Amino acid sequence: MFKKILRRLALTLIVLVGVTIIAFALVRLAPGDPAVQMLPATATQEQIDNMRTRMGLDQSYVVQYFMYIGNLLKGDLGYSFHFNMDCGPLILSRLLNTAKITVIGVIIALIISIPLGLVAGIKRGSALDTCATAFALCGQAMSPVWLCLLMILIFSVGLKWLPTQGVGSWKNMVMPSLCVGFAFCSLVTRMLRSSMIDVLQEEYITATRARGVSKFQVYVKYAFKNAILPIVTISGAQLGILLCGSMVIEQIFNWPGLGQLTVTAISSRDFQLVQSILLIVAVIMVVCNLIVDILYTFIDKRISFN
Amino acid sequence: MNRKDFTRRMWKSKLFLIGLAGILVIAAVCFLSPLFVQFDPLKAELTNRLAAPEGIFGGLSKHIFGCDPMGRDVLTRLLLGGRTSLLIAFSVVLITTILGLIIGLLAGYYGGIADLILMRICDIMMALPTLLLAICVVAVMGSSITNLVVVLSITGWIMVARVVRSTVMSIRDCEYVKAARVLGIPNSKIILKEVLPNVISPVIITATQAFGGMILTEASMSYLGLGVPAPSPSWGAMISDGREYIATAPWVVIVPGIALMLTVLAFNFLGDGLNDILNPKNKD
Amino acid sequence: MEEILKISKLSVEYRSGDTVAKAVNGLNMTLYKGQAMGLVGESGAGKTTTALSVMGLLPDKIGYVTGGDIEYKGQSLLKMKEKELNTIRGGKISMVFANPLSSLNPVFTVGHQITMVLRQHGHMTEKEAHAQAAKFLQMVGIPEYRMDDYPHQFSGGMRQRVGIAAALVCSPEILIADEPTTALDVTIQAQILELMKDLQKTMDSSLLMITHNLGIIAELCQTVAIMYGGEIVEYGSVREVFEHPMHWYTIGLLNAVPKLTGKRERLASIPGNVANAQMLPEGCKFHPRCGHCTKVCQTKQPEMICVNENHYVQCWEHGGNL
Amino acid sequence: MTEIKKVNKIEAGTSGQSTQKPLLRVEHLKEYFKIPSKGYLHAVDDITMDIMPNETLGLVGESGCGKSTVGNVLMRLLKPTGGKIFYEDKDVTKPSKKENLELTKKTQMVFQDPYSSLNPRKPIRSILSEPFKINKTAEGRELDEKVRKLAERVGLEPYVLDQYPHELDGGKRQMVGIARALAMQPKFIVCDEPVSALDVSVQATIINLLIDMQKEMGLSYLFISHDLSVVRHISDRVAVMYLGQIVEIAPTDTIFSNTLHPYSIALLSAVPKIDFEEQEKRIVLTGDVPSPMNPKPGCRFAPRCWMACEECKNKDQELTEVEPGHFVACGRWKESREMELKLEREN
Amino acid sequence: GSADNPAKPAGGDQAASASSKTVDTSGKVTLTIGSNADQVSTLDRFVNVGYGCDDLDYLIFDPLVNSDHMGTYSPGLATEWTQADDYLSYTFTLREGVKFADGSDFTSADVAATFERIRDDKTLTDTGAWGDLESVETPDEKTAIIHLANPMPTFYDELYRVPIICKAALEADPEGYFLAPVGTGAFTLDSFDQLTGQCIMSRNDSWWGWDEIDNIKTNVDIIDYQFIGEDTTRASALRSGDMDIVLQLSADYKKDLEAEGFPMLEVASDTHIHIEYNCGENSQFNNKDLRIALSEAIDREAIVSSVIGNGNAATWPCPEGNVGYKADAEGYKYDPEHAKSLVEASGYDGSEISMVYTSSSFIRADEVAQAVQSMAAEVGLNVKLEPLEQAAFTDRRSSGTFDIILGAFASTAGDTQTEVAVIIGFDVFGSQYVNPEMSDLCAQVRTCGDKEERTKLIEQVFQIEMDEMAPFSYLYSPSYLCASASNVSNYNVFADGSGEYRFVQMK
């Protein structure tokens, strides 16, 4: 197992190298001189050149790339000229913020969606199933921009229960978390429902019932474990995506997360920051997938890890 | 599944019928709108700024859904915006599906090196979230409808290619493919005639669901200023531009929001319905 | 002999949408204690459906018992509450499924899947259950240390042995085996058959062996019931039925089997299509394929008649002088 | 050994004594699959056999012993790892494009699973027209006519042509599969377990059909199956395979009456029989089918063999002709014969 | 808030009840400000662009000279100052008894350190205005003399934006100083979050300024300054009571917020929205008539009243009150008929005119662009909108590949004309407009120390700009609309966007 994880990590390295190249190329392809972005509109050419030297942009692309990789190997993610600080701690703290709302959102989503999807799958065609399906569909049809704005209108402006924006107490996290979790929740509900329906048609479920196990136990203990498999995959992938930050939600709730940082970094042409964010994001995705795969092998021993 | 069977099951699937009807109605209304709208969707009419809705009883010559901040009729823009949004979603889904199909078919059928390279590319692309890549690419190329389509397509095909590839891999070893090879049918024909028809249904399902997703993505992109450039309306742009007025002139946002939701719903219905119809596991 | 399971006039339908499949149509059958009975019939004859009805496991909202009764020791299984049924399933009546690949839950260890039965019925502690399960696994030839392995780590034959162990672990009075060897290899099939033969004898349980392999019936069972179109068309002791088949379907079936010994003759195949449960014919269900069909066969359902005490048949040719 | 009954249907088919040239001959055929990080799976390991014109060679063995692989290699679906294939004395191991096309016409295949061997999205008519289209032998009206005739020949009603595979039962599907193979007017057909997914009654129909077609068209079959009674019924000669190797090959009646290899004996005794008179004692092999991964030298059956000695475990067994046309790969075939007789006496 | 909340105002109207949290549990009065400036990541005003850092620096530091941002200067850390006749040196007499937050005394060495840093530190990005700074002389502890290489017309306007830093503290921790700066200001820094820009400051009771005439000491104990980019969110935060002051809302909120009882503050800004023509050889707008036509097609009043909702339509190349403004001159006209005839006469072939702009650069840029587009269409000009992201926009503008640009520039120093002179004189924005006379005038403006003379020069520049309609034609100056909870008073926002919160009062 350990060996396999190592091998997988080695493969991952290829992916990450690919990502660094793409990230490097993308930011450089983008129009807009980063040095100019860092300076006021009336900056002189000398100032711009000076800035370019500081940012290392006067070197050739090849040199720039290898310097970047060299620094990466030293654990240095570069310096953000927009934020005037090292990228490492900047990304880390933003990532932690995003992780906070993501984890809470995902947990809330799972708490709601798992029983809902389960029951909907078992009681297929019932009123509850219809409600769950409707909820799931709504969740997928709702534009996040809309959802956030409505939430603010209702919970902050109308009811005054929750603060509109910013970081601080747990109250600040409620709305962003809910918004993050909403689409995820509906997705899980829907998937769990359909995978539950599939699993309940399997012969081993009939076999389990033939052994005298009560319906409830069959559903909750046995069928559930099978039905959860696709959820694990999708959760992993989604968690990865969510951890990279939802730009819309973070922007609206003024939540200083990774998504917001990404937008700022790209629009201010903060090259090193963009590159490092893309890299970190890739690492997150890869790690999430890895965790999913490992989890998978624990739940379903058929899947050999590779 | 043959046509006869499909039609029979289709008529039984409420989801599918509702979804299809919904989409047809929405598309028809949007695309035929030039025939009956009374207002210019693009021309600013500053005197009408944020005019309140007149209600259905106002008739078409009044502003049923009110006016937007530029004094343009919201309904007219909604219909034109629907055209844009649907067109974007349609083109993206079409492009990604075709691209994904071709790549998935080749990689899945032939395997080997091509497959290996493709899967690594997929891995890399998957490691970069769509919206993020989209931001980068739009930054490079500027925002226009064409660029938006290109951007969403660049990231969209991977999903399709993966679905197709895995389906093809399972079909590749089917005996009917072997049978075709034994008959001496060339590979190109096998792919087209034997494999393709059998991967098409998961692809159709993926595509319909992607359709709704694309409309939403366009909305999110608009919010980030990467969407359809003004003054052409799109639902996403209408929502994001109108968000300032959600408290003061809610119709500016609520109307496109609901339209968007209904459309996405309809596509989800269609996708789910198709899934029911095409999935042999669901016996009628 | 003690009647242990009595099925009378059982009818089962599968309904989905507008289509109704009449899978079982007025089936009568009695199983005695310690007896091994074979249920033979071609694909779609309703064998599995019968077994599932006995277990009360017809698929929800699709399968419906539309008539008749199933009695276990005089108690009606159909009227029983779910809770009571749960004590009988796996405890008193257990079942081995056709496909060992799909009838074991892939995400639980085989040990768990056996102890699960014991915990349900035996009121045992974890430890006792574990020991008991190990004992049974060894009985079917699987070493104890493999308790914690998952089904996919076993070969098909071993998986089926696990299925059998799980079915037998509570010493049920009735074992229903639904084509337990169809998915297996010849040599493995032989292993499983030997095993079942031994176990059934040592545990003195009744066996309902469902298969369409006549050889298996001949080796394993004392009595045999031939099923066609959801009903039993011929019934009796194995030897009697196989040596003097009377129903034309049985005759056709026996002639269709290639022999391992003797002369190689052209096989007699039964013409026509397999009975379709969705459109069963009037009268004798077999008449469209029967070369000896008369007018009455086409319109009236024959009665089961007694040829001798070991042989019953449901065919106009032998019943009533019409 | 004098008691070997000679009731062979076609005596000329036996190899060795024949003056006829074999239709198909394979020599030292090998097919290894590379399994990443595990090594090589020897699916077929050095097989030599021939098939005469108008002959049926039965191929039996446990699941996974490599039967289908042999069939697939013969159909050029797999490239052999080693060995040679001759068709009518011509080396076709690595056929050119043209040769390949020629071979395609002469050699065909019928598949095991009637459910997956027909494209679910094509009507039967289209499935059956494919071979004609490929050969460009017919078009338009003529094509329709040919397809109809073909269907008729295998016993399919014309209405079936407009149905889709899922609307047919297994027997009909298999008929379609056979018709598709016959359409090319082949000389040789690989039948890969064509009846094992079917019901007894349907199975009989298909077997009869195959035999009829053979007579009519002078076909040769490689008939793969694990059902010995079926193999016995249809074959002229039978080859028994174990773990990628042929352990015994002989004319059908010889092999059933004078079984020599212990594995063949076990296989035969494993079949449940409807025979109330002589209920044989059964030899139940213990253990499962071993893995064909990187096999070690020595007789591959030795670990499950009830009479294996040290030598068996270490020395490869050659396929040797112990009587005319009867080849066995067991050094102790004489003893095994005695064992069998002893078992028979016990009953 | 606690039950015995002393700040809780009587009456239960929405706005008032919203501000109940202004007193935190420790009984301190807290003022929260929601700003839409670009978030700051350091409190160093020379590396941040935008008013956010100014706001904070005014609170934490003091400049040598204070300003009302309208040309009137009052003593800050300097009590008196004189300028040399050649405009090349300025002498400051420094205030006695001023202490930094860390307790150290304020001396002329601190002034020297401040200006020498501006001159020497090449990592600073926003020091362009001080290019002519030569040296700082400190004859004694309480005197500082600033020497310039060339006359610097904007000297005082730049001067009040130079916070005087603490030399000792800077030298002790050059990296960290601007994350936890020590200043002499009215507030001292409690915490600064580099990641969100949130800055919490408490009142400095020993600040020298409280004793100055006209100054009322604030009753706010703590100011909590946050950056909230999203307009809707900022407005909602005020409504929900999370914020006491929110800055720079769009005008649509005015009516509603006022109705809900939130006092509004509207300030004419120094930002100037303009259309820039590409006057290059190959451009259609090389033709003066077409430039005039476009300018005359635009109903500036309508844009201001309908699209923006506040602000002043431009009548002249600079806003009213600015140096160089001519009230009586004939300014921009709205005359679509004339414009149409000009277009027809010009031989314009109806080809697409691309208007490049970036939606983030000023409020409602998208809508203004659309308004311009549709007004241009009225006179037969086929304008196509090309919104670009900020960085791409800058690139595009400096490369000169555009037909027209809808742009804005804000004079952060409050002295528009100098920047105009730079932009026009050097053609920083890539208009490719060549006019030797104008260039010459601009060059003079840049080094002219005498205010009156400069005014004349700039008037001439503006006149040329007006006559030639090149390279810019101005549209309007928006107003800043700020709103506060009803119990907040006595804060001010200046034309450059920065604000004065030192004397704010909360009921």
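The chains carry the letters A, B, C, D and E, assigned in the order they are written, with residues numbered from 1 in each.
Simple rule for what comes next: a contact is a pair of C-beta atoms (placed from the backbone, for glycine too) under 8 Å apart; a residue touches a chain by one contact, two chains touch by 3 or more.
Listed by chain with UniProt protein names: A, B = ABC transporter permease; C = ABC transporter ATP-binding protein; D = ATP-binding cassette domain-containing protein.
Keep in mind that this is a model prediction, so the values were computed, not measured.
The set of chains touching chain A (ABC transporter permease) and also touching chain E is given as B. Ranked by distance of CA centroids from chain C, the top chain is E. Of the two chain pairs examined here, B-E and A-B, the one linked by more C-beta pairs in contact is A-B. Chain centres here are Cα means. That of chain A (ABC transporter permease) falls 55 Å from that of chain D. Spacing of chain A (ABC transporter permease) relative to chain C, judged by their CA centroids, is 52 angstrom. Averaging C-alpha coordinates per chain places the centre of chain D 90 Å away from that of chain E. Multi-chain contact residues of chain A (ABC transporter permease) (touching two or more other chains) are listed as 30-32, 149, 153, 157, 201, 251, 267. Of all residues in chain D, none touches 2 or more other chains. For chain B (ABC transporter permease), the set of residues that touch two or more other chains comprises 139, 142, 243, 246-247. Listing the residues of chain E that touch chain B (ABC transporter permease) in their complex gives 231-232, 235-236, 239, 250, 252-253, 255-256, 302-303, 306-307, 359-360, 366-367, 369-371, 373-375, 377, 385-389, 391-392.
Within the complex formed with chain D, the chain C residues making contact are 42-43, 141, 155-158, 185-191, 193-194, 212-220, 239, 242-243, 252-261, 264, 266-270, 273-274.
Across the complex, chain E is touched by residues 30-34, 36-44, 47, 50-51, 54, 82-85, 90, 93-94, 149, 152-153, 156-157, 160, 163-167, 251-254, 256, 264, 267-269 of chain A (ABC transporter permease). Across the complex, chain B (ABC transporter permease) meets chain A (ABC transporter permease) through its residues 120-121, 123-124, 126-129, 131-133, 135-137, 139-140, 142, 212-213, 216, 219-220, 223-224, 236, 239-240, 243, 246-247, 253, 257, 260-262, 264-265, 268-269, 281. Those residues of chain A (ABC transporter permease) that touch chain C in the shared complex are 125, 201-215, 222, 225-226, 229, 299-302.
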